[in-house]
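In order of appearance the chains are A, B and C, and numbering begins at 1 in each one.
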Amino acid sequence: MYDILQALINGTFGWGWPDWLIYLISSLVVVTIILVVAPLQMLFFTYYERRVIARMQDRIGPNRVGPEGIWQPIADGVKMFTKEDIVPEAADRIVHFLAPCVVVAPTILMFAVVPWGPGMTPVDLPTSLLFFFAVSSISAVGLMMAGWASNNKFSLLGAMRAVAQMVSYEIPAVLSLIAIVMIVGSLSINSIIEYQAGLLISNRDLPGIPDLGLGWFVFTPVGFVAFIAFFIAALAEGERTPFDIPEADSEIVAGYMTEYSGMKFGLFYLAQYVLNFLLCAITAILFFGGWQGPGVNWLYAQAITPTNPDGNGLFNVLAGALGVFYFLLKTYIFFFVMVWLRGAFPRLRIDQLMDFGWKFLIPLTLANLFSAAVWVAFTRWGAAEGMLITVGWSPVLRWLAAFIITLAINIGVYLWLTQVYAASQAERRRVELEELSATL
Amino acid sequence: MEVVVQITFGVIAVFILVAAAMVVSVRNVIHAALWLIACFFGVGALYMLLEAEFLAVVQVLIYVGAVSVLILFAIMLTRQITGEGVRQLTNRWPVVLAIATLLFATVLAPTLINQQWNVPPAPPLGTPEPIAGPAELGRGFVNEFLIQFQVVGVLLTVALIGAIVIAYEERARRRKVLTLAEELELKRLREQTSPTVPAPVEAEPVVQESRSASER
Amino acid sequence: MMEPPFEIEIPRGRVIEVQRDDSRVRRGGGLLRGMAVIWKHWKESFRLNRSYSQIHGTFTIQYPEEKPRIPEAYRNMPILLYDDETGHELCTSCFQCERICPPQVIHMTQAKDPATGKPVPAVAEFIIEYDACMSCGFCAEVCPFDAIKMDHEFELSTDDHAQLTVHKAQLNRPISYYASIAPTMWAEVRESALKKLQGNIRRRPDVIGIAPHLTERIAARRAELAAQAAAPSPAAEPASPPAPSAPTEARKLTPEEKAAKLAAIRAAKAAQAGDGVTPSAEGGTPAEAPPADDKAARLAAIRAANAAKKAAATDAAPAATGEPTTPTPADDKAARLAAIRAANAAKRKQAADSVDTEEGS
């Protein structure tokens, strides 16, 4: 954005504005775009989810407001705004007021590092991936504040559950990301996306692969396991259905949102759906190439970029449009999967959730970390790093060896872990039954 | 640009100091914890200002995202959260203030005296780059600071195992939480097996009362 | 738009066994199977499904535009029936429904003969509190005269609470309406219900028991009564077996004698009570008391045909042609129909001009 404004103001018009002014304007423009896009995504997601889940339950879903009910979220928004704001008598007023802000702010901040298309990252931090997850963990504090300030046992229970869940599932999420980070060798989301050029195989792993923007991580054994683990953890972080324990309405009313009404409740709702959007987006970015897709890289090569200042501005627009299209398509598909899971599975119990996270996902992602190390060693290391076996192998052979070994490791670990996990669960159930019969 | 950085630093520093002061002066323990989180944030911002992005992000991730949540958890398990009617200051607080100031001055005075208040000159060529980015940090951990890194790792593992050992109870000794139905069933079974034990005293009037209610 | 009604064919005898505590290790395959089920539901949901025996497809009925096809035995709120032809209500105010009603929302008063003050098997006012009715259908089950039935109408919402206390005028529905919403259920009880109704009508003096909104029907009945009242004077009362049968031909499913006696009594009563009440009909009707059955019917038919000239009531002709040839119960019915029609026409004619009636007589 800064580049475009710089080129437009100082280049085309020749006004010669100072750098800092252009920087300020570009930042403001970007922030405005994000602040407009985020609630719009939320509005669309509520509608999208309701329609899809309705179809899965043999219904139609909201179809009255506007054509096919497309204005339903706006009607809901109007309803939210006009509702009375109720603060419980015994609540801690300041904290009660601050909590929704603390929950919403990080989710909007997370947009700062999400690349929408080639060269369309609001802020290109070198540690953007870490930033994304660091900021997402702030909302746990907001949930805690909401639960405590409401002075309601359901709120507190919901907040406790939410925070315990988020803290537990951050670990497998981050561990599965570390595998990707190891392969790419960078914490920058942009370089992770750029790594995924190619066709089924990344052309960074195996140079010479034609670049169709399809060298996604999900096609490698390491990436696949990381994707599955990360997506499950993302479901837990976003409090989606198999893990919607914090707001289990059949148990604890609405969890930490119980005592909120009107637009404060709306803010929680907004935060939740924006977070879901971001989690789907980051899944698409990390494992499915983000804006990568057939044609984007070719178009972007013709466009005006810092490396290619003589390009054609039209290609900027085309590459951007195609990239955003691919990115949003993938994101929406992932949200469809989230809704699909919501339609298919019942809610877990809190102990099942903890068991699954700590005893299954974390070992799996740790093993995957090892696989990632093997992958890096086989595809990239040479004699200098002490990898003497692969000296003299052709890249294809090295890639093949890495693929087969990591596949074998991951499948073996998966089979073993499922066996152990199932056995431990069965044993636990048996012991509990025995205990019960002993006490009685 | 320098001025902007100075102003920003001033704002952040004041924010951190105010937050830190509030942590120790606020009566409500939860509010104190929240002020502590604000303080952590300020420190993170300070790192950002020093262009140590990685450290800033990690500060937020670990202190704001994890440590503060643990603190909040711990506080919520305590009593007297609101702290009403709790004295915050002892009678001899001026003495404490004097000692604290003295200690603080002992640490800070040499620094204040010896500091030239100059930005250090650019390091001569050949000095290693300051460790800031994740890649450099990682290399540092597995080369220069390998022993420290390993020791910390062992320490954390021991802490983890210790936590499990403390939290773990023998299954046989664990008091199982029974449901109401199970409890009643248990009671009934006990009464049956040991008829010498007199029936619970409080059970009797309850039964009578319910009967009389039904008769009415 | 709507395909044949909702048909439910539940395959019996298929037992699905769900095993709990299944210790087999599925390795995520169970989850995938669950997702496959949901995927199929999603995919199939774009097809409209109107059969409950299928589990896939969208069942939603777009309510205000589309209405569900309601099964015959569906019951919502009770209604009262009246006979299309005579306008008589089937209710005899036997209080059975009021007695059985669990929430006690049915209230009625029995009609009384204004002349004698004796109760008549008809209802004067009938009130159901729809707001407290629980649609149990006991009233319809218990009704010995099939007078109270359960309606299919469910759009009862109103912003006026008082509207939900429903009076007889709003409760009345013709039998044909009920026969249209529940044809087989009505067919089962039709014969006995109508038979009982005929018996009751004979015990109802004057216009008691006719649905009050059917003003024409009431006027016609009044005219008929007036004619009856006029009849005894020309024809001697003791020698009247053929004569009174003319007015009472309408309900002649009983032995002749009994009918004659009844008619005589009624005519006398009408003469003293109902005389002068309907002066407008008086002019045309005296001539309407010929001794013979067939003649009266034919006369009525002619009159009806006359009326049809103006009102285009074409179905009067078959009635006129059919009746003299076959003196069966069907004939009676046709005759009765013709008589009513004639009376109607007479009234209309009377109001319009007196020339036509003179021609007819």
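Keep this in mind: a residue touches a chain if its C-beta (ideal position, glycine included) is under 8 Å from a C-beta of that chain, and two chains touch if they have at least 3 such contacts.
None of the values given here were measured: they were computed from a predicted structure.
Under the contact definition, chain A and chain B share no contacting chain. Just count the C-beta contacts per chain pair and the biggest one is A-B.
Remark: the per-chain Cα centre closest to the mean position of all protein Cα atoms belongs to A.
Farthest from chain C in terms of Cα centroid separation is B.
Look at where the CA atoms of chain A average out and do the same for chain B: the two points lie 27 Å apart. We define each chain's centre as the mean of its Cα atoms; on that basis chain B and chain C are separated by 81 Å. Averaged C-alpha coordinates give centres for chain A and chain C that are 68 Å from one another. The part of chain C that touches chain A in the complex is made up of residues 21, 23, 25, 27-28, 31, 34-35, 37-39, 41-42, 45-46, 49, 55-60, 62.
The touching residues of chain A, when paired with chain B in their complex, are 92, 95, 125-127, 130-131, 133-135, 137-138, 140-141, 144-145, 148, 156, 160, 163, 167, 170, 185-187, 431, 435-436, 439-440. By the touch rule above, chain A contacts chain C in their complex via residues 52, 55-60, 340-341, 343-345, 414-415, 418-419, 422-423, 426, 429. Looking at the complex, you find that chain B touches chain A at residues 28, 30-31, 34, 37, 53-54, 57-58, 60-61, 64-66, 68-69, 72-73, 76, 133-135, 171, 176, 178, 182, 185-186, 189.
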